[in-house]
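Below: one structure in structure tokens.
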Amino acid sequence: MNIHEYQAKEIFRTHGIPIPPGGVATTPAEAEALARRYASTVVVKAQVHAGGRGKAGGVKLAKTPEETRDIAAKILGMHIKGLTVHKVLVTPAADIATEAYVGIIVDRASKRAVFMVSPAGGIDIEEVAAKTPDKIMRLPVDPVYGLLPFQALQMGLFLYADIKQARAAAKIMQQLYAAFWASGASLAEINPLVTTPSGDVVALDAKMVIDDNELDRRPELALLRDETAEDPAEVRAREAGLTFIKLDGNVGCVVNGAGLAMATMDLVKYYGGEPANFLDIGGSSNPDKVVAALQIITSDPHVRAILFNIFGGITRTDDVANGIVTATKASPLRVPIVIRLTGTNEEVAVKILQEHGFSAMTEMDAAVQRAVELATAGARA
Amino acid sequence: MNIHEYQAKEIFRTHGIPIPPGGVATTPAEAEALARRYASTVVVKAQVHAGGRGKAGGVKLAKTPEETRDIAAKILGMHIKGLTVHKVLVTPAADIATEAYVGIIVDRASKRAVFMVSPAGGIDIEEVAAKTPDKIMRLPVDPVYGLLPFQALQMGLFLYADIKQARAAAKIMQQLYAAFWASGASLAEINPLVTTPSGDVVALDAKMVIDDNELDRRPELALLRDETAEDPAEVRAREAGLTFIKLDGNVGCVVNGAGLAMATMDLVKYYGGEPANFLDIGGSSNPDKVVAALQIITSDPHVRAILFNIFGGITRTDDVANGIVTATKASPLRVPIVIRLTGTNEEVAVKILQEHGFSAMTEMDAAVQRAVELATAGARA
Amino acid sequence: MSVFIDDSTRLVVQGITGRDGSFHAKQMIEYGTKVVAGVTPGKGGQRFETGVPIFNTVVDAVRETQANTTVIYVPPPFAADAMMEAADAGLSLIVCITEGVPVLDMTRVYPYVKARGARLIGPNCPGLISPGSSKVGIIPGRICAPGPIGLVSRSGTLTYEVVYHLTRAGLGQTTCVGIGGDPINGTNFIDCLDAFERDPATKAVVMIGEIGGTDEQDAARFVKDTMKKPVVGFIAGQTAPPGRRMGHAGAIISGSAGTAAEKIAAFEDAGMGVAKRPIDVVDLVRQRAR
Amino acid sequence: MSVFIDDSTRLVVQGITGRDGSFHAKQMIEYGTKVVAGVTPGKGGQRFETGVPIFNTVVDAVRETQANTTVIYVPPPFAADAMMEAADAGLSLIVCITEGVPVLDMTRVYPYVKARGARLIGPNCPGLISPGSSKVGIIPGRICAPGPIGLVSRSGTLTYEVVYHLTRAGLGQTTCVGIGGDPINGTNFIDCLDAFERDPATKAVVMIGEIGGTDEQDAARFVKDTMKKPVVGFIAGQTAPPGRRMGHAGAIISGSAGTAAEKIAAFEDAGMGVAKRPIDVVDLVRQRAR
């Protein structure tokens, strides 16, 4: 789960990381009031779950409260990478001497949380990694010992020659690691970590991604989810217990299992079609999920054909069949549907479908080919 | 550092361990007021750093506030194992169905904190260990993982067949481990952990020993030290940075290093004498420490001779010599002194001593023999 | 012959009285797996519907039944503890089916289990099956058949799809292992490839990967450097857009490492057969395993 | 010949600019120890009075000077971190002189250092010396002489007392090791006895113990079962009252294990010579080492 910069900053602050003040505004007037309170030049920053906000015009300096209002008016409602800006963060502009990067990610290879730090901050860290890899220090953290003081200082000294700044950065890294762990994060990032002309070390930006698997046991973090910042169909899918990602094609896919769902999309493409989405109904065979899945897919006007691909293991195919019958009774389909199912209770499922005028296929390739044909024909019509 | 039962209970409570209420009284009137507040039969418990309080008459039931006052009057001022009772804990008496033992100690052999739990609680655990060792479960805790939930439940199930009680006990063990670790303890103990007739699991007693080496970084714990509960000479020694333990003999010993100090005591005994104390001035060679050491030793009326045994390594023997000169100038000795010193700056030290009328020896055995002779002669005189 | 499980597997089911645990315990018993014990704290002394004894703790179960393997169906918040309990009790193979285990839990579980000498498969995996001999997990028994093919996969139902094609084509399996798609899991492709290479009954291996991470690339290097047996690969997610999660926590394309194109190139570089569609696996295996 | 340290020892001094660290660094250099680097964060790039280069971190020091050993003189709150830093930097021998390290810190340090393959001596120990070759720690060099005796001790000044007698009697030492008296330390008696048994130059061993714990009893069993070389022992604290601390955190008599009487009985049972007084060690060694 992505959270906003202002939310990540709030978490970082509670762990002691030095961060300039800031307030969130949802209207230009609120932004103006905040600028008046800080009585200095401010930065207005779009709060959306997308990188490259600066390049997209979502981050601007404002010298006066009036200018803040005007800039906020421009940024609020702006679209960045397909997402609408509903909130801006207003924060006093800082004098910057140097910019560094500090991040933690969970690394599959070492099976650990790994720090990445670089004295070349403020820019895209992937770019630094590609062009000047020697400017990045990687430090895997032993999960049972946590970040040890000497390791934090090693990283602090990699960023700063001055021992006072190195110690200040080391302390911030300890705090960042504590915030990362306490929040069940899969990523925590400060970019840039800056030094001011007077020598202080301060975090100017904050980013954090929470592991979705942590939300059940951390309800206070689940509350941070901003559904206005997400695609509404994806929000609805999540509420129904589905994993859904909107894509650009016209073949709507309903599959059980993430691997099979990806393979189904690949096969749609293989046979000349374009998938309209990734949708995994998961292992459980609740007919309600199937109903929700059909509702989400049919609400996409680009969909020209619907493809079910179900390999029943834990999933009972008869449950899926019942879900299809229920959903189509409630709101009849306006696009053709192709159903492939095999596995647990297959005979029952086929009978249910046939009784309600559907036919079922057993081979994945044939079903995908058929769905692509129907979608192509539909698109031509 | 030992702390009192009521202090340990306060720490345990902050970690969530269920403990009946209780209050500390230093006068019979205060004890009476507490009994009135609890409005039930209470237990009055002497707060001293000694085991076997019950057998010594330091723990009594009182049915009425008046009886509480009378019993508190008897216990306050009582001597238990040489220590005077200055405080009593007054706590409502609990109905007890079963009594168990739960303790954590740092174990040298496994180099870990080790839980010891037994369903045979309320009595001396060493006795249980000796007579019915199968009634004790030992569980070493991996220090980097801490006490894991399944381990706590294993111990809970060792104590109680009822799963609810086992889970309650498991939770208490998690909390006890957290208290142990957060306090830098070398021992934490609940004896007894009881079940009530209604099935609740409650800690009725609490004991904790803090590692002295932790006190510098945990000043809030250092404040728990109750100097009225200790030997005044030992308190003075600790304040001067010395390790001092009062013994029953008449040869006062001042030594640098714990091992050499013990070997010196052994040698006193070997040559027919009795050491009056263990005193280690440590590695540092601050003359003030020597002055404090001499003051402490000469304040013991049983001391008939004083023996210095200094092997200079880090310790500079000239510092020790200067300390002896300063101390004896301020208050001249009334008992003979034997000084053995060798090692760092030995020649300087000998010169200083000789200039002030002292002689110095270089051999430990000769010095100890001489000190024993002088003490024996002094005792006879 | 087979890898990891066979007739000598004596299985504990952790969470045997739960919804999933009881359903799959019965399925495994029906398949012929030696389920010797169940574990549910507080139900020790009772018996499962089929008569299998239930214990309060894994260590009790091991002591009383000489179990050597466990399969875990407990809910995600308790799965880490269940894996560590199993390792502590001395079991040599731990299969965790549970989906949704927090990844930071796994950073602690992995070294714990490893230090105690146990093999962990999963979490978030379908388990494994040695057809005709033993099934540990949830892979449907009837789509498998005994034979000479070893199969290892990061996926669940996609594995079934491939196994279904293999079995229908007369290509039975020594063992099918679902290692799970989480970012941190106990057993990776190389562990399984190595086991198949050593297993005399396995004549060819099928490896089913996904986008995300570099495990498939590492595995390809292992195939190239070490393996003599033929290996056929398939990668799911060739058309997945970069930077989006496709259900599995592991299927994130991080930086430039982890695209389907990279993985397929690595497979080709290792001389592996690379299937374009799941069904193509059959022909590729036939060509190479002759 | 010697154990643990010799002419090939290349030493880092952690805390070289502190009061104790600078004093003993000079002492060690005077004795002839190859002190190749000092570490004090923030003073990297400077030089110690004797010209030894100072680094910010141990890993820097190792990279630049190929050091293989470190000695730690940092204050107690930082000692645990210093030991772990040294182990992480790949040093094979870590000697921690610092007194007053919290015992719970050591429960974490011990497995960390061990997992990284380093030997830790101490904390709260005087270090070790291989007379005429190398000295790491604070044992006064002038009381030692080269010779055939190995010495291991839990104590500081009591060690000096015994070494002083040995040297004066013409019994020089291969190595004297002070393992420290804390409840948890890195190297125990058995580690040292084993090293002395394997060291061809060592002809006899002196072991100086204390009340508290069971290390001496375990060591006695090792002597009985494994050692061919003669061992002479001494136990301090024969007259200490039970249940009181005698300065060393380790010298607590816990239950029935740890009294001087028990330890002496274990020594006698192992056929060791047992000295009643420190000075008696000399005659016992002479009798047995002939």
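When the chains are written out, they are named A, B, C and D in that same order, and each has its own residue count from 1.
Methods note: a residue touches a chain if its C-beta (ideal position, glycine included) is under 8 Å from a C-beta of that chain, and two chains touch if they have at least 3 such contacts.
Given the structure is predicted, the values throughout are model-derived calculations rather than measurements.
Peer 1: Stepping chain to touching chain, what's the minimum from subunit B to subunit C?
Peer 2: Tracing touching chains, the least step count from subunit B to subunit C comes to 1.
Peer 1: Measuring centre to centre with C-alpha atoms, which chain is farthest from subunit C?
Peer 2: It is B whose centre lies farthest from that of subunit C.
Peer 1: So which has more C-beta pairs touching, A-D or B-D?
Peer 2: Most C-beta pairs in contact, of the two: B-D.
Peer 1: Per the centroid of Cα atoms for each chain, what is the distance between subunit B and subunit D, given in Å?
Peer 2: 28
Peer 1: Once you find the CA centre of subunit A and the CA centre of subunit D, what distance in Å lies between them?
Peer 2: 55
Peer 1: Could you grab the centroid distance between subunit C and subunit D? Build each centroid from C-alpha atoms only and quote it in angstrom.
Peer 2: 50
Peer 1: What positions in subunit B touch 2 or more of the other chains?
Peer 2: 144-145
Peer 1: Two-or-more-chain contact residues of subunit C, please, as numbers and ranges.
Peer 2: Counting only residues that touch two or more other chains, subunit C contributes 108, 112.
Peer 1: If each chain is a node and each touching pair an edge, is that a line, ring, star, complete or other?
Peer 2: Looks like something else, not a line, ring, star or complete graph.
Peer 1: Could you list each pair of chains that touch one another?
Peer 2: All chain pairs meeting the touch criterion are A-B, A-C, A-D, B-C, B-D.
Peer 1: Please give the residue numbers of subunit B that touch subunit D in the complex, ascending.
Peer 2: By the definition above, subunit B touches subunit D via 105-106, 108-109, 111-113, 126, 129, 143-144, 181, 184, 186, 211-214, 216-217, 243, 245, 247, 255-263, 265-270, 275, 278, 280, 283, 311-315, 342-344, 364-365.
Peer 1: List the residues on subunit C that touch subunit B in their complex, please.
Peer 2: 41-42, 44, 56-59, 78, 81-82, 84-85, 88, 108, 112
Peer 1: Given the complex with subunit A, which residues does subunit B contribute to the contact?
Peer 2: That would be residues 144-145 of subunit B.
Peer 1: Where on subunit D does subunit B make contact in their complex?
Peer 2: On the subunit D side, the touching residues are 20, 76-77, 99-104, 106-108, 110-112, 126, 138-140, 143, 153-161, 164, 181, 183-184, 208, 210-211, 213-215, 234, 236-241, 244-251, 254-255, 276-279.
Peer 1: Using the touch definition up top, name the residues of subunit B that touch subunit C in the complex.
Peer 2: 145, 148-151, 153-154, 157, 163, 166-167
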